[in-house]
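First comes the structure, then the notes that go with it.
In this document, chain identifiers A, B, C, D and E correspond to the written order of the chains, with residue numbering beginning at 1 in each.
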Amino acid sequence: MAKATFEVPELTQYTEVPAIQPGAMAHSATFKAKEDFQKDLGFPGELVDDWQTKAIDKMGELLGKYRSLRVYMDACVKCGSCTDKCHYFLGTNDPKNMPVGRQDLMRKVYRRYFTLPGKLFPKLVGAEDFTKEVLDDWYCYFHQCSQCRRCSVFCPYGIDTAEISMAAREIMDSIGVGQKYCNEIIGKVYKIGNNLGLPGPALIDTLEGLEEDVFDETGVKVRYPIDEEGAEVLLVTPSADFFAEPHVDGLIGYGKVFHEAGISWTMSTHASEAANFGMFIGSYENMRRVAQRIREAAIQLKVKRIVFGECGHAWRVAYSFLNTLAGPWDFLDPRYPVPQHICEFTYGLIQEGKLTFDKSENDDKVLTYHDSCNVARASRMGEVPGGQFEIPRAIIRATCNHFYDMDEDTIRDRTFCCGGGGGLLTDDLMEVRVKGAKPRMDALNNVMQEKGVTHMAAICAICKTQFSKVLPYYGMEMDQILSLHQLVSNAIVLTPGPDDAEEDEDDDLDGDALDNDNKQENDEAA
Amino acid sequence: AQTVLADEVKRYVVEGSRAAGLDACVEPTERMRRMHFEFIKHQRTATVHEGIRGTKYSLAGCVDCHISYNAEHEAQPINRPDQFCGACHAYAAVDLNCFDCHASIPNRPESGPGAQAAHAGVGRPGHLAHAHSGGGER
Amino acid sequence: MKRIVYREWRIPPARFWGILGILAAVIGIGTLSFGYMEHQGHWVTGMNNAVVWGLPHVFAVFLVIAASGALNIASIGTVFRKPIYKPLGRLSGLLAVALLVGGLLILVTDLGRPERLIVAITSYNFSSIFAWNIFLYTGFMAIVIAYLWTMADRQGGPFNRPVGILALFWRLALTTGTGSIFGFLVAREAYSAAILGPMFVVLSFAYGLSVFLLVLMFAFADEGRVIGPKILRRLKNLLAIFVAGSLYFMLIYHLTNLYAAKHDDFESWLLLRGGIYTFAFWVGSILIGGLLPLGILYHPEKGKNCNWVAAAAALVIVGGFSTMYVVIIGSQAYPMPLFPGQTILESGFGDGVGGRAASYWPSIPELLLGLGGVAVGLLITAVGVRVLQFLPESLADDVVPVDEETLGEAAFAKPA
Amino acid sequence: MAFLTNFYAFLFYFAAFVIVSGLVFKIVQYSRTPAPLKIPTTPAPTTRSGVVFRMMREVVLFESLFRGNKWTWIFGWMFHFGLFLVTLRHLRYFMEPVPFLIQLVQPYGIYGGLAMIVGLAGLWVRRFFVDRVKYITSLSDHLILGLLILIGCTGLLMKFVFHVDVVEIKTFFQGLYSFDIKPLPADPLLLLHLLLVASLMIIFPYSKLLHAPGLFFSPTRNQVDNPREQRHIAPWAKKLEQH
Amino acid sequence: MKDENRANLEPVDRERRTFIGAAVGVGAAMVAPGVILHVVEAAPRAASVSSDVRWGLVIDTAKCADGCSACIDACDRENGLDLQTKPKPLSESKWDQQKAVWIRKVKLQDNQTGRITNLPMMCQHCEDPPCVDVCPTGASFKRADGIVIVDRHLCIGCRYCMMACPYKARSFIHEELKGQLTSVPRGKGCVESCDLCVDRRDYGEDSTACADACAAEGHNAIVFGDLKDPESPISQLLKALPTRQIREDLELNTGVRYAGV
C-alpha cells in the first residue's frame, strides 16, 4: 500500500457534514496532457495565446448547443440543497467541492460575460473576469468532480454539475488545457482499441488462458470467443475485465452465463473497450468517435445483439447515448433492446429458469451491493424505472444467501460515488480519491460492523479498481470488492457440453465438484 | 370630503338612495372607503356586548341611508351585486356575509330607533320627510 | 445491539399512487359533502336541536382518542424503556399526528360557521374545556412532531426521553380533556361521571393500538417486510390487556351509574329499552368490540396468526365506533330530566314527551364527512411512511431488540 | 398627485414590458437550445405523461428539495405556496369580473402572505447561520430576499394596519389596460409596495428568479427515459453524421 | 308592535326609567288596566349596560292557560322566528326538531298527584350559565345586566353550548334564512336562544314580547323586570309567591323563576 502523503479521514458511524474549509484542496491538480495526446483528440497542444476570448467563445458555443448548460447557468437559486451531497466535499471540506461551489466557478464567468447584471454590477451578483487564477481553479476543481450526478438528484431544478464540469473540461481542452489521464486513454482507444492498450493478440492469448483455467476448475469447456463472425451476441466489456482482479472473475462469469444460455457470443478486438472517456471530457465528437467502433464491430461481426459488461459510465454511454451517437441499430434483432446490460441478460435467464445456482458456493461471504453512480442515476435496466437497482440485487439474492443493503441514504439513486469516476482514476489524484471515498466507506463500515458484511459487489470497472486501491487506506482488504458476475460465476451450476462428455467418463462429477470446492478454498487462502 | 379625484373615481352610491342626495357619509368618503369595516366592526362589539346602540356606525344605519328603491318603491337588497355594498364588494372581491343574518332591506318604519340613532350620529334630526314603507314589511 | 434500520415504504409507484388516489377520492367525496352541508345548512344532516352532535362527532372523537392511543407504542418504547417497541416509535408518532389531523378536520368541517375558524384560534374562552382542547390538540401536534424529530434525527437523540415524557403526559391530558368535553356536561345524566375521563384513556389505548396494528400489518404485508412472531405476540398481548381494560371500565361506568340513584333511569333505558342504542351497546361495544377480540387474542392458535390478530384489531375498531355512538349520541337522545317526578305530556320542543328518546338517524353526508376524515389520516400516514424513514426495515425476531435489555448506546467499533 | 399617478403608470408599463419581453426571450432561448443527449436523472419516467407527473411533483411539492434538505424545504415551500396564494388573491386587481375561484381564495391569500413572510425569514436566517449556504450567498441573494420580505411586509401592513382604498387601486390597474390612466391613491405604503413590485418585475428576467421557467426546461427533469427505444438526436449533432 | 310615534318623543333621562301610565300607540291600547305598562327610555342606550340591574322573568304557572300559545306566537313574531320556512325536501317531523325555538310550551303531569301544569320554557338566563362556560370562543356570554346571549359574530356553530344547557333552551339554525328583521339579525350556522328581547332592553322598553302578549291575553302569567331592584314589580312578586328554579340541583341561579311547579 502506498504511503499516504495526506491525512486519511477517520471513518464515522454517520457521515457528518463538515464545516467548510476554503482552499483545502486547492493544491490538488491532476497532470496536464502532453502536446501529442492533445493533438490526437483534435485539441491545441498547449494553452493558446488569446485563451480568454477563445474560452468565452467556446462557452458561448456550448451555451447554444447544450440546453442543460444554458438552463443550469441561470437557474440555481443558491438554495444549498446540494451543498452537502457531494462525496468530495464531505471528504475534503473544501467549499469549492460543494456542487454549487463548483458550478459557481463557471457561473461567475458566465454572469460576467453573458448576463446584463453581471456586465453592469459584477460585485452584486458575484460575477468575475475569466482570469488565469480562475482558470487554475477550474482545472483544479473540475477535475475533482466524478460526474456522479448525486447533486442533481437533490437539486430542485435537477442542476447536474456533471454537465457543467464536462462543459468546463471541453472549454479547457479547446484552449489547450487537457487532463493527461483522460486524453491519453482516449488516444489509446483510437490507436489500439482499448483503455489499457492491450493489443489484439494479447487479448486472444488471455482469453485462451481463461478457457483453460475455467476448464481446469470446473471440468466444463466454457468458451471465451473473440472476433467470431456470425455470433449472436457481441459482448463489449471494459478492458480491465481481461486480466485484472477482481474484474476478470466477472468476465469468467459472463462466459459461464452465455454457456448455460446456449447463446453464441463473441468479443471484438476492434471494440475491446466498453468505456468511453469521451464523456468525461464532455466532447461529443470524441465520444461519438469512440462509440462508432462498436457499430463498426457489430457490423463486421454480423451479430444480432449487443451486450455490455459491467462498467458504470460505459453503461451510461451505452444505454443513454449509444443510440444517439452510433445508431440507428436497425440491423440488429429488434426483439432485444440495444444495447443490453449483462445483468439484464443474466436476470432474464434467471427469470426464464435457464440458470441453476448453488447458493452455498457463496456462503463464505456476506454481501452488500454498491450502486455505481452512472448506472444508478444515469441509466436504467429492464422495463421499469428503477430496474437498475432491483436487477443486480435480484441476481445477488439468486446467487448468495447473505445479502444486506447499506444505509438507505447511501444506495440506489442516493448512492455515493466510489470516488474514482469521471476520469479521476489516476494516481496523481490519490488524495481526492481517498477522501472522496469516505462517505461510501462509512456506509460500508456500518454494515460490516452491524451485519457482518464481508464483501461488496459492484458492476463498474472504475468502482472496482478504485475500491481495491482505496479500501486499504481505510484499513480494509482490497479483495473485499467483487464483480457481481463473480458471484454468478461461483454459484452457477454448469451443464457439461458435448465435448466435455469424454472427460466425464473417467472423472465423475461428484469428485469434480469437490475439486471445485477445494480449489475455491485454496483461492481464498491465497 | 370631495377631492379633485372624486369626479374621476367610480362612486358606488346608488341612484335613489338617500345618500345620493347628501354630500357626506358618517365620515369623510375617503376614510369610509378605507375604514368602514373597522367602524362597523367596532360598533358591532359595542352593541352586542355592551348594548350601546346610539352611535353613528350602526349597520342598520348604513342600510337605511344607502338603500335604494326601484320604480315600485321597493327597497333593493343592499348586498345585491348592483347595489351599494354588493357592487363594490363584487368589484373588490371581498366576501360580504353580514347579510346572511342582517336584513338587507330596512324592514321596520324608517324612523325606528336604529335608524334614528344613526342619523342622530351624523347630526341630523331623526325625522325624515319621506318615509318609505319598504318592500319587506317585516 | 443492532441498529434499527428504517426505510421508506417502497411499494411500486403504481400501487402507491393507486392507494393515494383512492384515499384522495374518498377525501374528495368528503369535501363535496362538506360543501353540500355548508351550502345547504345542517338540515341535510340527521342532526337536530336535540341531538346536536351526530355521526361526524363519533368519527372525530374516535380518531382523536385513537390518535392519543396510537402514541402509546412510542411512549412504551422511550418512556418506559421497552426497547422492543422502539422500532415502532416513529410510525406510532406519525399515526398519532395523522389521526388527530383527520379527527380535527371532521370537527372543523362540521362547524356551523367553519369560515370563522380563525375566531376559534384568535379568541378564547378559558373557562371552556373546548378552548383548552384546542391548545391540547395543537400542542399535541407540536410535541409529537418534536418527538418524531428526536426519534428520527440524530441531533435530537438526547431530547428523546424528555420529549417522550412530555408527550406522554400531554397525551393523557388530551384524552382526559376529550373525555371531559362530555364529562363536564352536568346537565346530561349520562355524562356527569368522573370516570368518563379515565375510561376514555383506556379506550384510547385499545383503539389507538388497533389502528396502529392494522396500519403496520398492511404496510408490512404490502411491501413484504417481516413481522416476527415475538413482536406480534407482544403487540397482541398488549391489545388484549387494553381491550379487557376497556371492558372493565365500561362495567364500572355502568355500575356506578346504576347505583347512583339519579342515573338508574338512564341506565335501564340504555341497557334494556334503548332500541338501537341498546343494540349498539351489547352487540357493538361488548360483543364485537370486547368479547370477540378477546376470544381471538387469547385463542392458543388464532392468537398467533397475523390475520386473526388483524381481525381482532378490526373488531376492536368496529366496537369502538359503536361505543362512541352510544356514548355520544345515545346520551343525547335520552331526554333531559327537567322535571323530576313529573311526566311531560306535551311540549313544543320534544322534551321527551312520555320519556321518549329523541330521534336521530345519520345521513349520508355525515358518513362521507367522517370517512373523509379517516382518509385524511390514512393519506398523511401513507405519504409520511413513503417519503420519510418511518417504518423499520424488518421486525423479524432476530432484528427486534431484546426486550429485557436496557437501552445502551450501540457499541460502534471502528476497524483497526 | 397627478405626477405620482403618471409616474406609476409609466413604471408599470415599463416593468410589464421588461418582464414579459425578458421572459419570452428567455423561454424562447431555452426552448431553442437543443438538448443533444438524454440525461434524465434516473429513475426517470418512461412516458411523457410520467414526465408531466414528475414535473408536477417538482413544481408543486419541490420533491427533490424535500429529499435534499428538510428545513429548506419547509421554509421554501411555505414561501412559495404563500406567494402562490398571495398571487391568486392579487388577481382581483387585474380581473373584472373576478372569477369565482379567485373570490373563493381571497381569505386564504392573507394566510398566504403570512406564510410567505415566515418562509422568507427562515430562508434568510439560514443564509447567515449555515456556513455552507453563507459561502455560496452573494449580495444579490440577500437583496432579492429583502425585496420580497419588504413587499410582503408592506402588503400585510396595508391589510392589517394602514388600510388603503382597494377599489381605487383596482380602478387604476384596470385603467392601465385601456391606456386610461385613473388616479392612484397616494398612500405611502402602497407606493412603496408598488415600487418594490415594479423592481421585482424588472429584475426578474435576468436574475436567479429564472429558476421558475428554468425548472420546466431542465433536461434532467423533463426528459423521458427511453433512449434505447427512440433515437434522440440534436440538429447540430445530426450534421456530424453527414460525412 | 312598536309605537309608531315613539320617534317623536323628546329624549328623557336615560338612567332613570320612567313609568308612563298612559297607553301609547296601538300595541299598548290592548294592555289591560292595572297591568305593568311599557317602560320607555326614549333614546337608545349610549353607555355600556351595567350590572346594577339583572333582568329576569317570573312565571306563575297557575296562571298559564292550557291551550294558550300567545307568548310563543309573540316571541316568534318579535324575533322573526315565524319567518322560518321548512326546506322543501325535509319531513315535518324532522323539521319540528330542527327549526329554531326560543320559547316553548310544556305540559306536565305530576306522577303522584296527577296534577297538570302548563308553563312556557325559554332560556333561563342563568347566573352561572353552563353554556357560557363551555363556549370555546366566548360567543356565548352574559351581559352585565344578566342577559345570556350569543354573539353571532363569534359563534362558530360548534353546538357545545347546546350540549351544556340543561334546559334545551338553544337552537341551531340549520337552514338559510331570508327576510330577517332589521332588529333581530339571525342566520344559518349559529346558535341562538331567547335574549330577553335584547333590543327592547337597549331601546329602553319595559317589557318583553312574551310578557306583553300574556298580559294582552289577560293571563299575566309572565312578569318581566329587574331582579336587583327590590321595588320592582317582579321582585315584589317573587316575595309574594313561592317560586323555584327548574333543576335547582344544578345551582345555576336562573333569572327565570317558576311558581307552582
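The definition used in the following text is that a residue touches a chain if its C-beta (ideal position, glycine included) is under 8 Å from a C-beta of that chain, and two chains touch if they have at least 3 such contacts.
Chains and their UniProt names: A = Sulfate reduction electron transfer complex DsrMKJOP subunit DsrK; C = NrfD/PsrC family molybdoenzyme membrane anchor subunit; D = Respiratory nitrate reductase subunit gamma; E = Sulfate reduction electron transfer complex DsrMKJOP subunit DsrO.
The model shown is predicted, which means the values in this text are computed figures rather than measured ones.
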Shared touch partners for subunit B + subunit E come out as none
Comparing centres built from CA atoms, which chain ends up most distant from subunit B?
-> A
Note: subunit B sits from subunit A at a C-alpha centroid distance in Å of 78
With chain centres taken as the means of their Cα atoms, state the distance from subunit A to subunit D in Å.
-> 39
Let me have the rounded angstrom distance from the C-alpha centre of subunit A over to the C-alpha centre of subunit E, please.
-> 87
Centre distance in Å when subunit D and subunit E are each reduced to the mean of their C-alpha atoms = 58
Interface hub residues of subunit B, defined as touching at least two other chains = none
Find every residue in subunit E that makes contact with two or more other chains and list them.
-> 176, 188, 190
Contacts with 2+ other chains: residues of subunit C | 115
Subunit B contacts subunit D in the complex at 4-5, 8-10, 30, 33-35, 38, 88, 90-95
Interface with subunit B, subunit E side, in the complex: residues 2, 4, 6-8, 43-49, 80, 83, 141, 143-145, 149, 151-153, 176-177, 179-183, 185-188, 190, 198-199, 201-203
For the complex, which residues does subunit C have touching subunit A?
-> 2-3, 5-8, 13, 154, 389, 412-416
Per the touch rule above, subunit A residues touching subunit D in the complex are 17, 19-20, 22, 63-68, 70-72, 74-85, 95, 98, 100-101, 104, 115-117, 123-126, 149, 152-160, 163, 284-285, 288, 319-324, 327-328, 337-339, 376-380, 384-386, 388-389, 413-414
Can you name the residues of subunit C that touch subunit E in the complex?
-> 38, 40-43, 47-50, 52-53, 107, 111-114, 116-117, 119-120, 123-125, 127-131, 133-134, 181, 184-188, 332, 336-339, 341-351, 358-359
